[in-house]
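In what comes next, chain A is part of two complexes: it sits with chain B in the first one and with chain C in the second one.
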Partner chain A sequence: MTLSDMMNIGLMQGFAGLSLFAVLLLMGLGLAIIFGQMGVINMAHGEFMTIGAYSIYLAARVTESLAPAFMPYYFPIAIGLAFVFAFIVGWIVEWVLIRHLYKRPLDTLLATWGVSLGLQQLFRTFIGPKEVSPTLPEWLMGSWTPHEGLDIPINGLFVLALTALVTGGVLVALHKSRWGLRVRATVANRTMANATGIDTTKTDRLTFAIGCGIAGMAGAAFTTIGSTGPTSGSLYIVDAFLVVTFGGAASLLGTVVSAFGIAQTQSISEFFMTGSMAKVLTLSLIVLILMMRPQGLFAVKVRR
Partner chain B sequence: MNFIKASILRYQLGSLLLLVLLLAVVLPLSLDIFRLNLVGKYLTYAFVAVGLVMVWGYGGVLSLGQGVFFGIGGYAMAMFLKLEASDPITTKIQSTPGIPDFMDWNQITELPVLWLPFKSLPLSLALVVLAPMALAWLVSFAMFKRRVGGVYFAIITQAVALICTVLIIGQQGYTGGVNGMTDLKTMLGWDTRTDGAKYILYYVCVGLLVASIVLCRWIQTSKLGTLLLAMRDKEDRVRFSGYDVSNFKVFIFCLAAGLSGIGGAMFALQVGFMSPSFVGIVPSIEMVIFCAVGGRMSLVGAVYGALLVNAGKTLFSESFPDLWLFLMAGLFIGVTMAFPMGLAGLWDEKIRPWWKGRRQALREAAVKPPAATVAAQSPAPQTEPALPDGIGSQRA
Partner chain C sequence: MSRDSDLSLDALALRRRRLLQGAAALPVMGLSGLSFGQSQFPTAKVNTTKLAVTDTEVTVGQLHSSSGTMAISETGSIQAEQLAIDQINAMGGILGRKIKVIKEDGASDWPTFAEKSKKLLVNDHCAAVFGCWTSASRKAVLPVFEKENGLLYYPTFYEGLEQSKNVIYTGQEATQQIIWGLDWGAKEKKAKTFFLVGSDYIWPRTSMKIARKHIENFQKGSVKGEEYYPLGHTNFNSLINKIKVAKPDCIFAAVVGGSNVAFYKQLKAAGITGDKQFLLTLAVTEDEMTGVGGENFAGFYSSMKYFQSLDNPNNKKFVEAFKGKYGKDAVIGDVTQAGYLGPWLWKAAVEKAGSFDVDKVVAGSPGIELKTAPEGYVKLDANHHLWSKARIGQGQLDGTFKVVAESSELIKPDPFPKGYQ
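This part shows the complex of A and B:
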């Protein structure tokens, strides 16, 4: 093995860690808003991702049968659709369930777990129990080879780019926009926010729906990597919660850092042991650190 | 007489007696042994639900990792039974006789050190309770000392459940992997699969369950129970009164873990196998719903919750496999939204006051013969909170 081979392996391993980072961050982003900012334990988060993934699949099917010439371009529009669908479902769920439970955060867990079961069965009944994957446009396939022996898959790059875009968007929206100001005010002190004229009911609903929409986009991004089934949402849910909690619930920057840390620990330890043991090691490390620093890496001081 | 009446009310002996009557007499007489064995299986979950009443209803801490403790208890029992089932004679076709079959398939030639304690029954039985408690202590001690609770505790216990599942499935040679431990036949030479043995195991299960309920009720009525409620509602005040809050929480969490372990062991004995599918996140959350359906403040209610949800699950998934998940979803949402105190809450808040008001009205009518005055005064007693028969003081 020459030096350049070693370099290539190192780079590819590093890229594998980076794409895992992107996946974890995308999973955590929507939850960082819903759980981190609002304090709602949304166990149906995985199913909102699945909604996004299925909307890509459906968009691909429709485009394929109605306008095959449009195939290379449908993907960005479908991601927007994924956002819209998950947003709408999130809006309804907030309106029907969540708004009654803001004072009982632990009960949101049970209710949303029920939502997640119901959605899973809906997917199974209306779309089918089998795993599906959409036909992806040509430009997403294959890999990019900057030089001999170094292959970087384009779908990984795409997910990375999308993650950067969404994260940047959420950061800017939360800290620069009117909505972000309202959200942060409501989170910090609901009564006072209400007193200053912020419609907290509306803010909550919008925030929850936006969080769900981002989950939908995350699910859409995952269709480039793997297939989607009715139960695939439940695979992500614990990881997503750990990413958000580990980073410090109320801090978006913490979510980014913790996703990076978890992804790197996982992919580096996978180099030395089996995948499942690497997962056990990573999770145990997270649990241990959380026991020492219960508020996560970036605790935000809030007066309650 | 007053003392007996008071202690019946204090320890809720009436409802417990009704439960014992149902479990020990009515169900064994009315069901065949196959169904009764199923009920026994549901009752093993009731151990977990009773523990959750203590931790969640009284302690105010929701654990999403009770499946882990159930699993540890179950695996401890199953490892003992598995070792007995794989004696050198029955396993002589293996390349290494005398070790469990899945170890042989995974090219392990010697019994792992971890398995050695499970050669003796007393040690295994002790580990059924102590191993879950030890893990519970490890998980909870640091957290409660640092005043972590609520959501964060729930998520960490959930992560622990995930870790355990991945670990059990990953370490196939030591744990049997996804299949778990199967073919558990005898316990010290006693065949656990005959009908007679199933009856005995069912009654052991009922006995242990009733004993745990009595123990938990005793704790609830003691000073510790009062402190737990106080802590749940206003933790800081209890702390400022000079109590070390975390120790009580750790104790109650370990107690629940030990109970879950007993449940797991009874499960392994009655059902004859143990697998990681009872350890993970989904079963753990389902166990919470058993408790929530029955009522998170009622020990006896939790048993009914476990029985009803599981019986419903079996019946509905037999006849409508597609609709079952919708029904389960409706149960989660409906119970959380409409009956936060579960079936027991429905009884306490709706049925009993109605019945008492009715009895009161009848008594009034009997005392005062003139019909005109009764009609005029009848609404008044219902708003009167103080009742003469002393039952009114026993709410909550």
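This part shows the complex of A and C:
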């Protein structure tokens, strides 16, 4: 192997780590908002991602049959749709179920788990038990080859860009917008926030729905990498919880750092050992660190 | 499978057999000759072991995962077995008895499989059970079938190294899939170096062990890498980089289920496509293809005994019947076809034995042949596996497979190949 080959592999391997980081972060983000800001353990997070993924699939099917010429452009719009659908379902779930359980955080775990099982059955009944995968626009599938032997997957770049956009958006919204102010006030002290005239009921519903909407976008982005089936959600959710728990529940910065740490450990060790062993190593490291820091990497003091 | 051809075939075979046995001349059978029923086969005679057989009905079990992660794969087997049973019933059933099915859900959970198999055999007294998909579920029910003396028709291609009196294997074992596929790759594609990759459980690991022995000891080639990833894994970028470093002639894959989609999408995104690199897989059928998408698999090869596009009259009828029942978008993968063979093989064995008793059906099974199988002619070996052809299909852009190679003869099943254990 020549030196330039080694350079290429090094660059591609670095990019593999980055794109895994983007995927993990996108998965964990919606969960972190709901879990961190509201204390709700959303076991249905994976199913909201699945809703997003199915939105892309349906959009692709509709576009294919009604306006095939539009195929190269449908994807960005479909991502918007994925957000909207997941947002609406999240809104309804919060209104029907979650709002009655804020005083019993552990029960939200059971309730959302029930939601997740129900949604899985709905997917199976109305969309079918088989895994599906949308037809993606041609431009998204190839690789960018700056020079011979160096292939950077375009879907990886796309997910990376989307993650940067969404994470940036959430951070700005949380710290610069009125909604963000209300959320932070509610998290800090719900009773006092209520007393100052903040409608915490509305804030909670919006926060939950936004978290779900982001999960939908994550699922949408995921269709560029994997397939979608009724039980895909249970595959996503382990990684999502891992990222959030490791990062420290209430901290968005923690989520970013933990996604980066997990992705790089996994990606680098994968190159030097087998895939299964790399996973074992990554998980053991997480367990070790959590034993030393039970609250996660970044702990935020919250007054309830 | 047409009603008429099968009717006459079975009627003829039965008449010949009765004559051979020197039995009293059958009543004139004619075309309605399949209503044998009780008079020729009284229940007390065809069932001496308390199976669930009445004068008009025989009960069988169907044990697959209709929920959980394996539902995606096993749905096809459930549908194909049901189709065969419906067709047999429409022809008048077996020995004049209609087949009644008790469906149980193994829920992709191996202890549940064991428990449900016990229920089907001990409580329901099923005369036969069609079921299981993964090797793990088969290994879980095997002791139950052996202890209760049940009869299982197992449809999946698998790693071999197993044979039981109580199981009829209708899928292919290693020599008919792995070894034939590797030999084809070495001969036609001049593959000398291989990179083995699979999901991390019993079937891929054992398959790759056999593949490695074959490559190193028999083909004098070399294995440049061997990797396993957890079930459901979706990030293969590091693996792809390793493959790029190793530069193998052949990527030999046994990645299963949903992971396949991620695997092929990422291979394509990393510039590894069918025109640049030779890839042969043991685990992509038409079923997986619906998720993977033709554009991601085009040009790669799959080693199977059956493809939906097989061009023969049997298969045409089978595909038509299957789509007629399950919709025009339904696809038929290798295992689905093998599932379809189960009820037909059982019917033939029961009629040969003139009894539903498991021991008699098992004794009558070797040598049973099916001329009407969608994959072509098959016959059952004494080792309870099928003689069948091996085939290589090349993935097409539209998601179908084009058969590019086929063994000239039926391959004798050999679940314990020498030098591979």
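Definition applied: the second predicted complex is superposed on the first by the 302 of 304 C-alpha atoms of A that agree within 3 Å, B and C clash if a C-alpha of one lies under 4 Å from a C-alpha of the other, contacts with A are read in each partner's own complex, and residues count from 1 in each chain.
Definition applied: a residue touches a chain if its C-beta (ideal position, glycine included) is under 8 Å from a C-beta of that chain, and two chains touch if they have at least 3 such contacts.
Not measured: the values here are computed from a predicted model.
Q: Examine A:L58 and indicate which partner it touches, taking first as chain B and second as chain C; both and neither are also allowed.
A: Neither: A:L58 stays clear of chain B and chain C.
Q: With both complexes superposed on chain A, which partner does A:G118 reach: first (chain B), second (chain C), both or neither?
A: first
Q: Of the partners chain B and chain C, which touch A:A188 in the superposed model: first, second, both, neither?
A: Neither chain B nor chain C is touched by A:A188.
Q: Mind working out whether A:I9 is in touch with chain B, chain C, both or neither, as first, second, both or neither?
A: A:I9: touches chain C, not chain B.
Q: Between chain B and chain C, whom does A:P153 touch in the aligned arrangement: first, second, both, or neither?
A: Only chain C; A:P153 stays clear of chain B.
Q: After superposition on the shared chain, which partner residues are touched by A:S276: those of chain B (first), chain C (second), both, or neither?
A: It touches chain B and chain C both.
Q: Between chain B (first) and chain C (second), which does A:I41 come into contact with in this model arrangement: first, second, both, or neither?
A: first
Q: Looking at the overlay, does A:S143 come into contact with chain B only (first), chain C only (second), both, or neither?
A: second
Q: Shared contact residues on chain A for chain B and chain C?
A: 124, 274, 276, 279
Q: Give the list of chain A residues in touch with chain B in this complex.
A: Those residues of chain A that touch chain B are 39, 41, 43, 97, 100-101, 104-107, 109-111, 113-118, 120-121, 124-125, 234, 237-238, 241-242, 245, 274, 276-277, 279-280, 283-284, 286-287, 290-292, 294.
Q: In the complex of these two chains, what residues of chain B are touching chain A?
A: Residues of chain B touching chain A: 62, 64, 142-143, 146-148, 150-152, 154-156, 158-160, 162-163, 166-167, 169-170, 281-282, 285, 288-289, 292, 322, 325-326, 328-333, 335-337, 340.
Q: Name, in rising order, each residue of chain C that touches chain A in their complex.
A: Those residues of chain C that touch chain A are 66, 68-69, 71-72, 75, 200, 226-230, 232-235, 237-242, 244-245, 257-262, 265-266, 268-271, 287, 290-293, 295-296.
Q: Hey, which residues of chain A end up touching chain C in the complex?
A: Counting only chain A, the residues touching chain C are 1, 5, 9, 12-13, 15-16, 19-20, 23, 124, 129-133, 135, 141-143, 145, 151, 153-156, 222, 224-227, 229-232, 235, 266-267, 270-271, 274-276, 278-279.
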